Structure formats: structure tokens, C-alpha cells
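Each of the next two complexes has chain A plus one other chain: chain B in the first, chain C in the second.
For the complex of A and B:
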């Protein structure tokens, strides 16, 4: 990777130094808001907007204490809500999307290409177009103000992107293996669980990590479906620090925002290798 | 040991016909080799027998029972794939036991069978390894082992040696022949390599364009090829096909003209146009007193193989011809050689490529 980057910038040392400087500068500009958020979470409230410096003049963790306990429900509780929803979404997506992808790549059924096109079509559909009908449906089910609308659909393979990702990966698994298993007497389910899934860990990890991140980061769906503060996710909790009428607690907001990013950051660092492998082998990078 | 019977077997992909009606009876314990150029439908035919590909038309019987609708697992067949198709995430042991576990065989019995097969194939030491830790030859053995443990009635091989290097290929070929002698199961083996076909087969089935050109023992195929395609496909270097014209005919006796040389033959029952004489390079002789003179050949290129000397050249009328001479002959390019051959070993093909009976007059 690094070698191709170096080659691409040419062999002249001056040119290379210039390229690195440019890349560093752009990186800093991109990262500045994030760094500002982290540093401001350790500043006293009055220092946050009075300086652009990234180094706090007085270092304090007071904002963390205020953020964690400042709402009528502990922020830890919202963390737990977020975790439960995100984990259920991961399980749901892995189970249902892998099965759908297996069906599309390996099974023969009536109207396969039609259903495949339809599935791809749902990827193009804007979320907002289905929002109202979906809300009404869940309202009729009596599911509003529960986590069910956020979790149950994930078990029904609604995420066409993950299905597509897995289809790409499954297509790369040689059909000979399926056929060898067929000769060994294995049926479609046994082939799926014993051959296809064990060989798909990179794409499963990719889908798991992205499911977790996207569900964790989601603000819109919890906003629509969750009303009671005890049911809030961390993302909804963050919003309650900003109040249009009373005073907003910016320090607490930034402190809790920093905490909210932490799990995602750790996840990404830990799974980075698998993620790259997953993305590379699904042909997204080809 | 089980017999197979193929009657009018056809295969089409949509509107495209791939196999055009194959009739073949395979005896119990027979080693049959399907040979033919790439794309002629060998794999397709094999996969239909295996049950991996639905049969479009005709009937497949194994041990007398119709198999068209029977699932692959229930046909009592094991298959060794060209790619070996070992399960990459399973150990060698697991690769071999997978099918038995699928059949819910007791653990002790599975262990017995896997270890016995591993012993036969000398891979006992490799049982805990993953496929990617094996060499090509070892993978090949595991693939065969996976087939053996199931104790199938019929073994199918689809070009099993094509991924091995030359030396290993010869060695494995011998081992497969030995395996057949040991376990005596019916085996069907697909290859495009005529040497594999000649050395392994009890019976060779030559396929071309989805049809059987000829089926017979290796020597039948070699000695009496049914047509020009078979004659050209089996044998290396390839048989020489020399254009001849009919010079005169007196009842049974026919005189052929080969680049000015007259050949007296009998019993040609064919229209005189487009005849050609087929002579294998190894049946040509140079400067010999025996045999029928075939005229002169101008050598253009000589290959010394040590045991043989292969001479490339042309006849007087510039038709190319190849001669394989025994031993080390000092032939130089540009030299003119007097060719002879035993007409009994020559073949005459008609314009349609069919071999017509011929006897030397």
C-alpha cells in the first residue's frame, strides 16, 4: 500500500515532501473538529468558545461527571440501550442477510432475478419515502416507543447493502466446494452452515462492524420511535444537552460525545485488518 | 462393483445442445476413460452421471436402476474434482470425514475408515493439517481419500492430474491404476491427455463435439481408429494424413497415387474423391528394404530424443510428413530420405473422414 502511494507521488524527494505536507495539512483540517471536541470536553465551560487552541488552559473532568449524571436518567443507561439495540441489529443482519445472500447466489428458485432486482431497488429507495408508511405500520402493531421497530426488521434482511456485500463474497467461493459437499451428501442448509459461513468470516466481520457502527450512530430512527427518556439511545441523549429554551451544557455534550465515539473507535482499530480483507475480497476494491 | 448404462443421454443449456445423445454401457469394475479435446463435453457428461447436472434427455442407469431423478448423494458415486475442491477450513481428517458425518455414521466407524484410507494413500501424518499446508500431490491424495472413505460403487475423476507437474503426474497415474486394481470399483476418468487415456483405460471413449467418436480398448483405438478424428487424436506425434488420388481401379484392386508414388491396395469401398492415407510417424521407416515404398521425403527439421529420432519434412508434392525413427539416426535437414511403411498398418479415410477398410494388394 505505502509503496504504491510513494510511487504515485513520483520519485523526486522534493515533490514527495510536498505531497506529504499537503496530505498532512488536509488531514489536520479534517481532524480538527474531532480534536476540538475531545480537547473541549476537558475544558471548563467558559473556555470552550473563547479560544481555538486545542490545549486546555485548565484541565478538568467536570464535564464528564455532569454529562454522566446530569440528565434525569444516567447516561450509562442510554449507553446500555444503544448497546442492546446495536448488538441485536448485528445479530439480525448477520443471520438474515447471509441467508438471503446464500439464496441469491446458490439456490434456484422461481423469479430469482426478479427478486434480486427488487432487492437492489430497495437500495436506491430513499429512507424518507418509506418513513410515514413504516411509522403507521409500527403504530398499528403497537410497537412505537419500544425498540422493536429498530430491531425486528434487521432479522428480516432489510439491509440490501449487506446482502449485496455478502453476495459478492459468496460468489468468490468456488462452486466446486458446494459440489464436493453435494457429492458428500450435504443439503443446502448443511452447505450453508458448514462450508459457506465458516469461509466467510471476513465479510461477516465487515457486515458486523458496519451494522454496529451504523446502528450505534443512528439518530433518526430512535428519534422517531423512542419517546421516553429511559428508552433513549446515547445519540438521543446527546441532543438533550442542547436546549433551545433553557441553557445548553456544551461541556457535558462534548464529553458524552467523546465517550460515544469511543466504542466505534476501538471497534474499528480492532477489526481494521478483517475489514480491509472483507472489503477487498468482496470486489468493492477491484 | 456396479454397471452403468447411458442411453441416448442429451444435455442442452437453453437452446444450445452440448451432448447429442450418448449411448454407452460400462461393465462392473471397468476403468473407462473419456478423452477428447477441451470443450467437447467430457465434464458435462461426467457431471450428469454424478448428479451435479440435470440430464436433459435419455436415461442413466446404475446397477440397472434409473438414476435420472436420484440425488447425487444417493447414487453411490464419489467424485474427484480437477481443483480437488478440498474444504479449506477443515483439516485433512475433517475433509475426509465430512461425508460420513453427513451420513450420520458412528464416530468409531468414521475414524476407522478415515485412518484406513489415510494409510492406503500414505497421508496419515497429514491428517491434522489444513489443505493450504499441503503440496499439490498431497492435496490430490486427500481428494482421492475423501472419495475412498465413502466406499462408493463408482468413482468419477475429472482431469485429476492436470494441476500436477510432469513427474508427479506419472507417479500419481500409476497410483490411480494401482488403486483401481486394489479396490476394483468402477471408475470413469476424464482427461484430454491421450497418454493418460492409453495407460489407464480398460476402455477409451473418444468424445468430440458432444458425440462419441469411438469406444474401445486402447489398442483397438490405436490400431483401428474409426475415423480421422480418432486417428489424429490418439498417438503422438499425430498421425500423418496424406492426400492420395485413385489412379486406377480393376475390380477389388485399386491403385492409389501418393505424390507420384503408386500404391496397390484392395478393398477400398469409397468414392474416389478426397481420400487420404493415414500413417503413424512410428510406422514409417527410412531406407529399409522391407515394407512398401512411399516415395521420398525431404527432411527439414530433426529432433533427437535419444531413444528416438523425429524427422519433420515434406513429400515431393510439399505435403508435410513426420517420421519417428527408432534409435539415434544421423539425419540432417535438407537430406532426402526413402520412406517405406507396412501398408497393413496404414489407413485410408474417405472424404467424410470415415476409415475405409484397406488391405495391401
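For the complex of A and C:
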């Protein structure tokens, strides 16, 4: 989407000034809590609640030091856990979903429409319907308290949404390319690797970034599957930290909150256009 | 429509076979996942919902007892329904109105559109994380930012919005509304689709601004409004993390933030009543399905589909 600053409805200057003021006000109110969180994380504890100012009078990174080692396991360890899980989820989603999307758009096989309809059906089914048997199954496998229940399903294309996203994109790749390759004797495997995947980097990137962010942010699955604090993700660690510090060390809590959002924020800044286009074209949640 | 995607151009028999094999080969991860992670568990949880099943015992068949108990004698279920419906019925319309209003403001050709779009989208992206729930606890606490601002501006001493059972749910609704950005982006994309000449023609016919809005913008946007409403409603029914973090997993004070999913979680993973929790899960599925079906049925009365 390119920036087209067309004057949509021929607004008068006054009206436009009003719109501008309104939008600015809304952005300020929306951003204020976030800015407050970041600035408070750099304030000494006694300054956090004594002023609503966004600029710390005394700048200190003390809260980060207290927070980082605030639990029996360092937050660094939990960030590492989160990163490993999120990266594996990215790989799993990219591999399994692109394979499925390729089968649905480019290969002709018996039962394709049937499976396609079922795939759309799974997108509608709330995860709660399968939650308990899945949990019991992973418990049986001895997978509870490991990262396997969080990662393995991604390699089985459980996030059908990404299949859907890739299907939309693959359909736009000209079929002449495949046909030319077939004439040259290329099989389905070669077409997938030499034609489809190389031309699909935009959609693969979108899926990768969303996979990472959603897995990083996920709270529910780690909550039910991970028990030992050494295995916690950053989200679980933060939530444990809330319990541990209660109201006593807001500075450290806000510092760790800021840190858990930071990776998402960086991805957001770098891939902003990709993410927003992804939302605009598919109506993806979040 | 899918089958016709592949043209039947002189495809030889062996290529056919190879296509079948390749098709199932590429589909195999999904197929495995479908059977092992979706179909099997779905069937199993339907069965479990008809049993009494805890960690210590084998499932014992109880027929529709769980569902009967849910329907007739479970005060916490009623509390959860109350909280969840309040949340859905307030947060979804508010979010839609906000998203649409801001999209319309932005669509007036403001400078820095991309900046604003990004700023408004950020909360949607991070809103579900624990950090934001932590922040929200702080914002609405007794000594939180909201009360500090109220004190500074109006010398009004606010209560602890989180600890007060009559206001706690509204802090969660505010959190949902704060995340209007992704819907706004979809609205913006929809607004761009409306042909400009319709407005020009309307102006020539002497239609004023508000008339244009109600006769052109709103009707042409109804498909997007419909889409957003359905997605937001389903998501709202499934909300979990904020209520969990804000209430320390209790749904309190006095069950005032007991989201349906939170109640389900407690039954399954703190009380280990797997049978009962499975029944709760299917009731939720039924509620979401009913809501979605109703939306689609209602669509033909208010959603405007051109040509």
C-alpha cells in the first residue's frame, strides 16, 4: 500500500485541522501508558508514583538489574527459552504450511477439495475443543514440561491460518512458470523448491514474523505445558514475577515488561509495512 | 473451485500418479496434524464431556450429566457467562465504532497517515502479552496512572478500578478497545475501495456530508463491518491472558473477571475435572457457532453486497 494522500472528501481546512487534532489526541492517550511504562522502568522506585512526567528526573538502569535477577532463574535464561521456541515455531510453520499450501494450489490429487474444506473447517474450530485430549496425549507421551507440545504441532501445520495466507499468495504466481518447468522435465519437488518458494519470499516473511510474534506472546500453552522455572518462557517468567513481587517492586516489574515487549517492538519497526499489509489484505486477527 | 485450478492439459498417466503421490506427500504433515491434533482430540473431548474424569480415575460414563449441571446448577458458569457476554457485547461494538471513526478521520488525507496507522496498530500487536496486562494492572490500580491523572486534572480521588468488582470488567473492556488498530487497518483498506466518483456525484446532487456518510460510506462498508464484527466477536469469546494476569488467575474479585476461558482453565488445570471442562469447552464452541450463524443470518438484512 503506497501513501496516497488524496483528499478523500474534499475536507475544508478547518475540518481537517479538527481531524488532525483528534487523531493526535487519540494517539497520545493510546501511547501514554506504553511511554509511561518505558520511562518508569528507568526511574528510581520512589519517583515512579510521585510524578506523571514521562521524563525520568534521575535516570537509572537499576530496575533492570533487579528485575533480571529477580527470580531464582535469570530472565536471560527465559528469554533464551522463548527465542528457541519461537524460532522453532517459525521453521515449523514455514515448512509445513508452505507444503500444504503447495499441495492445495498446485498439485492435483484425489480428495483435494475434501481436505481443503476440512482445512478451512479447522480454522473455525476453537482450540478449546481439542485442548484437554491434546494435553492428556502429550502427558502420555511424557512431553509435559518439555517444549515439544509447543513446537511439534507447528511442524504439523496446526496454524491453518498460515496455509490460507500462503494459498492466497501461491495462486497469484503465474502457472506458465510451472508449465514451462514441466516441459523441461521438472517434477513437483523441483517446482516447489525452484519456482514457488523463491517467488514467495514476501508471504514467507509475513508468516515468519507473525509466527514469531504470536509464539513469543503466547501465554496459554506455556502456562499449561511448562512447570519448571528453568523451562519458563519470558511471558511465564513475567507472570511469576508479578506474583513474587506483588506490588513491592514496580520498577523491576515494568523493566522486565518492557524487555519482553522489546523483541516484538523491534520486529514491528523493521517489518511494519509487511505486517500492516498482511492485516489489510487478509483481515488477520490482531 | 480448487479442482479447476489445474488444467488437464495432456497429463500423462504416470504424471497423474506422480501428482497423487506428490499431493499426499506434500500434504502429509498437515494430514498427520489433522488426525492426531484435531480430529482425534475433538472426538475424544466430545466423549470426555459425557464422563466424569479426573487425574486419579478412569473416565466414568455419566451421559448428559455435565451438560445438565452446566445448564441448571453451576453458579460459576453463570458468572462466567455474565462476564463474558458483558465483555463481548460491550468491547466489540466499542472497538468497531472506534476503529471506524479513527479510520474515517485518517482517510481525510492527513499527512503522516503511515505514522498514525503504525501507532494505532502497535497496541493490537502487543495487547495480548503479559507485559501489557501487567501495565494495565498498574494503570487502573488504586495508586495507578489513571487515578494520578484524575487527581492532577480534577482533584478526583479514584478507587482501585481493578480491585472493585463493579468496575474490574471495564478495565478489561478498555484494554480490548485500546487494541482497535487491526480493525482500523481493515476499515482503512475498505474505505479505499469506495469509488471517489460516487461522492462527487452525490455532491453534485446536493447531498451534504452526513448524508454522504449514511448513504454511501456506511452502506458500502457494511461487508467490512460485518467481517470485523465476526472476527472480533470470536476473538472476544476466546480472550484469556488479560483476565488471568489481572486477577492472578482467579477471575476475581468475586468472579467479576471470570472469563469463560478462565473458568474452563480452572476446571481443567487446577481442579483437574477433565470431563466437566470438556463439556464447558463444547458449550463454548456451541455459543461461538451460534453467534457466528446468527451473524450470517442477520447479514442479509443489513450487509450491502454490491452486484
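Going forward, the second predicted complex is superposed on the first by the 250 of 286 C-alpha atoms of A that agree within 3 Å, B and C clash if a C-alpha of one lies under 4 Å from a C-alpha of the other, contacts with A are read in each partner's own complex, and residues count from 1 in each chain.
Keep this in mind: a residue touches a chain if its C-beta (ideal position, glycine included) is under 8 Å from a C-beta of that chain, and two chains touch if they have at least 3 such contacts.
The model shown is predicted, which means the values in this text are computed figures rather than measured ones.
By the touch criterion stated above, A:13 is placed in contact with neither chain B nor chain C.
With both complexes placed on chain A, chain A has more residues touched by C than by the other of chain B and chain C. When the two complexes are overlaid on their common chain A, residue A:157 makes contact with chain C while staying clear of chain B. Touch criterion met: A:23 reaches chain C, while chain B stays clear of it. Once the two complexes are laid over each other on the shared chain, residue contacts for A:136 go to chain C alone; chain B is not touched.
Contacts of A:181 after superposition on the shared chain: chain B is touched, whereas chain C is not. Chain A uses residues 179 to touch chain B in one structure and chain C in the other. Looking at the complex, you find that chain A touches chain B at residues 174, 176-177, 179-186, 190, 194-195, 198-199. Of all residues in chain A, those touching chain C in their complex are 1, 3-11, 15-16, 19-20, 22-23, 26-27, 30-34, 36-37, 49, 52, 95-97, 99-100, 102-110, 112-113, 115-116, 118-119, 122, 124-137, 153, 155-158, 160, 163, 171, 175, 179, 187-189, 192, 213, 217, 219-220, 223-224, 235-236, 238-239, 242-243, 247, 250, 253-254, 256-258, 260-261, 264-265, 268, 272, 275-276, 279-281, 283-286. Against chain A, in their complex, chain C makes its touches with residues 2-3, 5-7, 9, 11, 16, 18-24, 26-34, 36-38, 40-42, 44-45, 48, 102, 105-111, 113-114, 116-132, 134-139, 141, 143, 145, 148-149, 152, 178-179, 182, 185-186, 188-189, 191-192, 196, 199, 203, 209, 212, 227-228, 231, 234-235, 237-238, 240-241, 244-245, 248, 261, 264-265, 268-269, 274, 277-278, 281-282, 284-285, 288, 292. Within the complex formed with chain A, the chain B residues making contact are 50-52, 72-73, 77-79, 81, 83, 85-89, 98-99, 102-103, 146, 150.
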